[in-house]
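Listed below are the structures to be examined.
There are two complexes below, and they share chain A, which is joined by chain B in the first and by chain C in the second.
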Partner chain A sequence: MIEVQNLMVFFENALALNDFSMKIEDGEIVGVIGSNSAGKTTLMNTLSGLIIDMRVKEKRKGGERITVYGKILYRGEDISGMSPSDRVRKGIVLSRERHPVFPESSVLENLKIAGYLRKQSEIREGIEYAYRLFPALVALKRRKAGFLSGGEQQMLAIGMSLVVRPKLLLLDEPLLGLSPMLQKMLVDAICRLKDEFGTTVLVTEQFARPVLPIIDRGYVIENGMLTLTGTGRELMDNPEIKAAYFGI
Partner chain B sequence: MKKRKERIDRGIKVRSEDIFALSSWREMLYFAAPRVIPVAVFILLPLVLGDYWQRVYLSVAVFALLAISWDILSQSGMISLGQALFFGMGAYCSGVLNHYFGISPFLTIPIAAVVGGAICTVMLLPVLRLRGVYFSMVTLIIPLMLERVIEATKIFGGTEGLSGLDVLPSKWLEMYILVAAMIAALFGFRRMMTSDYGLVLTGIKDNDRSVMNAGINIYWFKIQALFIASAVGAFAGAMMTHVYRFVGMPVFALDYSILPIAAVMVGGPGSFAGAVLGAFILVPLSEALRALGGLRIVFYGVFLVVFVVGMPEGIFHFIARKYSQFERWAEVDK
Partner chain C sequence: MLLGTIVYAIINSVILIMMSIGFNLTFGISGISNFAYGALYIFSAFSTYMLLQMVGLPYPVAALVSIVLTAAIGALMYRFILMRVRGQVLSEVIATFGIGLAILEFFRYLGFVGVEYALPVFIDDSFMIGEVYVDAQRLIIVASSVVLVGLLWLFVHYTSVGLAFRGIAQDERTALTFGMDSDWIATLSVSLGAALAAIAATVIIPLGTISVSQGYDVLINALAVSIIGGLGSTGGVIVASLVVGFAQRFTDTYIGSHWTMIVSLAAILLVLVIKPSGLYGKQKELEERI
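Showing the complex of A and B:
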């Protein structure tokens, strides 16, 4: 579905992603595992096109220069230079880390804003779709998003990306700062997303334990370099992964 | 092989920041030139200028002080749209003291700087707790309001203003007091912002709640920053009053609010040097365009927009980067 070829991203002289290649097939859940500053968020920003916007802004400010090499192929088409909004139209939707929501708007309004690109009827469907996956949101419909707890905001943030009906959903650290119970709920929701709706999911996480069992394939990156790849099972049995991420 | 542009600090910059700087003239020059040359230019410029351009230079220094005062506020997280308040308050303070009480300019100017600064600080105290645009709105409105108050109540000469004020004994004295003030403000405040005290102020701008969490009373620091900035502005106003021997409603005009902001945006915010550089570019330019009359405000506005959109870092930061770093093509290796 999407293929990343030899991606290199520089932030000024610092190399954030080094020659990274990956491939995601239709209907897969793929995980990218890595510690802090491994380049996970950079990968997500590059896939969703946000880095293009960042590059322009930094250039005007005279700040860090961002250089991107490599190719991103989506269904055989090169989308490396495509703007973030066009990528969303094509079905690549990112849910950013630290669950950004519009704090002054209610939950329902947040979902509506997120679906702006789609037609009215599609938005209604999309919102129902989000509610089906996260039933907890229904009761919070009228609440201001800024007053929700971290977990609820995370559900809302993912719900917002679902309203657009993504074909490829990018989840950047969805489990960050959530309780083990909420983490489990969210992981289940990701599984249901794949089973019921056939959405392809790419999820990055530094806390590998809850994610590894559900992913079809995983990539482990360290300092922007791919160190290990394999199916979820293979990664779980790998002694190095066990030592680094499970502490066994 | 793919290539990309690399940005690297110049060797001489790294060396001259170290103790080895003292071992070679070249490095000493590299380190000292950006500091000594501007100061020399500031001091020598009045000697080569004609009468008319000396006057322009005076207002350059005044606007440079106002721009520095704006930059102090903006670096402490307060975006002011009313430098005219500080300027006008200082101007009226010294004008009133001189006109009604006959106090010599040598006393009125320092008194006006302190008292004017204190009055402005007190006036803005109620909005200090507000963040973001509210502070800006209030600072924008107060000078316009004071202008109308003077017009309506006819205090301090009303629309006529107070004229025939005492002047400083020599034009060289007033020139060099202003130049010295500009140099002192430029280097003094640069130093202040890099000290621990300045660190707190920039911290308030970046994240005021974290500063509160560190056990610091941010309002007290904001009051101090506000007083410093308004005293600088009031000093500029008091000087200008005695140069023109007149104080009236125009001291609260929008020019004194907009031009300093434009100067900082053109020169580069956050360094004070940018503020001075911006004043040195904009004031003479606007003087050259005097024929345009009221359209000059449009011209500041256009400059402001062009620089905010196209070069938000400002000229100073651009030059500083070129001075300390160079670029080269490097191969992307895997």
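Showing the complex of A and C:
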């Protein structure tokens, strides 16, 4: 579905992603695992095209110089230079890290704002989807998003991405700062996304434990470089992963 | 006397709302302070005047064309000038202020100075409210402002572009992930702000004459009200307009008209000292500290 070839991203002279290649097939759940500053968010921003917008804005301000090398192929088409909005139109939707919601709008309004590119009827349907996946949101729909708990905000953030009808959903650290119980609930939701809506999912995570069991394949990155790749099972059985991420 | 002051204070407040809502809206959505706002207001007035007197269009058509023209100038201003300096607040202010100066002083250069430059009132009539004599134009201003604020509210809550405005205003980068284009939305926001300046000019200018110096007054009023209310907050604009509007009229009646300007400036200073983000402003500093 999407293929990343030899991606390199520089912020000024600092290398955030170094010669990174990956492939995601239709209907897969793929994980990218790495510690802080490993380059996970940079990867997500590059895939979603946000980095292009960042580059333009930094340039206007005369700020940091951002350079991207390498290719991103989406269904065979090179989308490396495509704007974020065109990528959303193609079905690549990013849910940013730290549960991004619009704090002053109500839950319902957040979902409506997310449907910017969709028709009224599609938005209504999308909101239904979001409520079906996260029934907890129904009771909160009039509440301002800024007043929700972290877990509720994360549900809303994923719900918002659903309204856009993603074909490829990029989830950037969806489990960050959540309790183990909520983590489990979200992981189940990610599985249901794939089973019920046929969405392909790329998820990044610092902690391998909750996501490794559900991913089809995983990539482990350190300092912007790919160190290990394999199926979820293989990664779980890998002694290095066990030592680094499970503490065994 | 008191009733008269109150009625005129309300009208004064409504005029302030009309004058500042566009400035505030543009800032609220895209963070651009459009210092050419007063110039756009005067541009629209002169353009209506010219279309009316020199081209001979009917009044409503002339007014409508001016509003569209002013909105277009706003959009072009963003596309060709502001977009290049976006994100550098000082450059934005200098650029827009420069454009404003150029527009206003160009009219002065062309010789548009004098009392003959005026727009006709919509309906030449007057009414009594209690014992207070109010002309029809002022009532039209109040009515159109109520309609305008209502329409704006519906627009930002129920249309996809309006919702996008709210999204971009709250968190630009997240809004981008839903396919919004920040430059397009910013273009629309500057353009809509300019259109609101033009609408304000259309209904307010018939009260007096068109003069270049008014452009600066409108800008100062818009700034004052927006700073007091909290930049970017529409509710704040309404409350601040009422505060300033009433303060101005009451000072005018009971203390002396030469104190009027001091009252609004003192109000700005007071607000800046006590609550720098304005009455309804977002406490960004506080959030960051936490």
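One rule holds for everything that comes next: the second predicted complex is superposed on the first by the 248 of 248 C-alpha atoms of A that agree within 3 Å, B and C clash if a C-alpha of one lies under 4 Å from a C-alpha of the other, contacts with A are read in each partner's own complex, and residues count from 1 in each chain.
Simple rule for what comes next: a contact is a pair of C-beta atoms (placed from the backbone, for glycine too) under 8 Å apart; a residue touches a chain by one contact, two chains touch by 3 or more.
Just so we're clear, the structure is a prediction, and the values are computed from it rather than from any experiment.
S.K.: Judging by the criteria at the top, classify the pair chain B and chain C on chain A as clash or fit.
M.R.: Overlaying the two structures gives a clash between chain B and chain C.
S.K.: Of the partners chain B and chain C, which touch A:S83 in the superposed model: first, second, both, neither?
M.R.: After superposition on chain A, A:S83 lies in contact with chain C alone.
S.K.: Let me test your reading of the model: by the given contact rule, A:M8 touches which partner, first (chain B), second (chain C), both or neither?
M.R.: First partner only, chain B.
S.K.: Counting only touches as set out at the top, which of chain B and chain C does A:L117 meet: first, second, both, neither?
M.R.: In the superposition, A:L117 touches chain C alone.
S.K.: If we overlay the two complexes on their shared chain A, which of chain B and chain C does A:Y69 touch? Say first, second, both or neither.
M.R.: In the superposed model, A:Y69 contacts chain B only, not chain C.
S.K.: With both complexes overlaid on chain A, does A:N18 touch chain B (first), chain C (second), both or neither?
M.R.: first
S.K.: Name the contact category of A:R60: first (chain B only), second (chain C only), both, or neither.
M.R.: Both partners, chain B and chain C.
S.K.: Classify the contacts of A:L94 with the two partner chains as first (chain B alone), second (chain C alone), both, or neither.
M.R.: second
S.K.: Quick one: chain B or chain C, who's touching more of chain A?
M.R.: The partner making contact with more of chain A's residues is C.
S.K.: Please state which segment of chain B collides with chain C in the superposed model; the candidates are 74-82, 128-136 or 164-172.
M.R.: Only one listed stretch clashes with chain C, namely 128-136.
S.K.: Residue overlap on chain A between the chain B contact set and the chain C contact set?
M.R.: Overlap of chain B and chain C footprints on chain A: residues 60-62.
S.K.: List the residues on chain C that touch chain A in their complex, please.
M.R.: 83-88, 157, 160, 163-164, 166-167, 170-171, 173-182
S.K.: Okay, in this complex, where on chain A does chain B touch?
M.R.: Going through chain A, the ones touching chain B are 8, 10, 12-13, 18-19, 60-63, 65, 67, 69.
S.K.: So in the complex, the part of chain B that touches chain A is made up of which residues?
M.R.: It is residues 2, 4-8, 309-313, 317-318, 321, 332, 334 of chain B that touch chain A.
S.K.: Please name which positions on chain A make contact with chain C in the complex.
M.R.: Result: residues 48, 50, 53, 57, 60-62, 83-85, 88-89, 93-96, 100-105, 109, 112-117, 160-161, 164 of chain A touch chain C.
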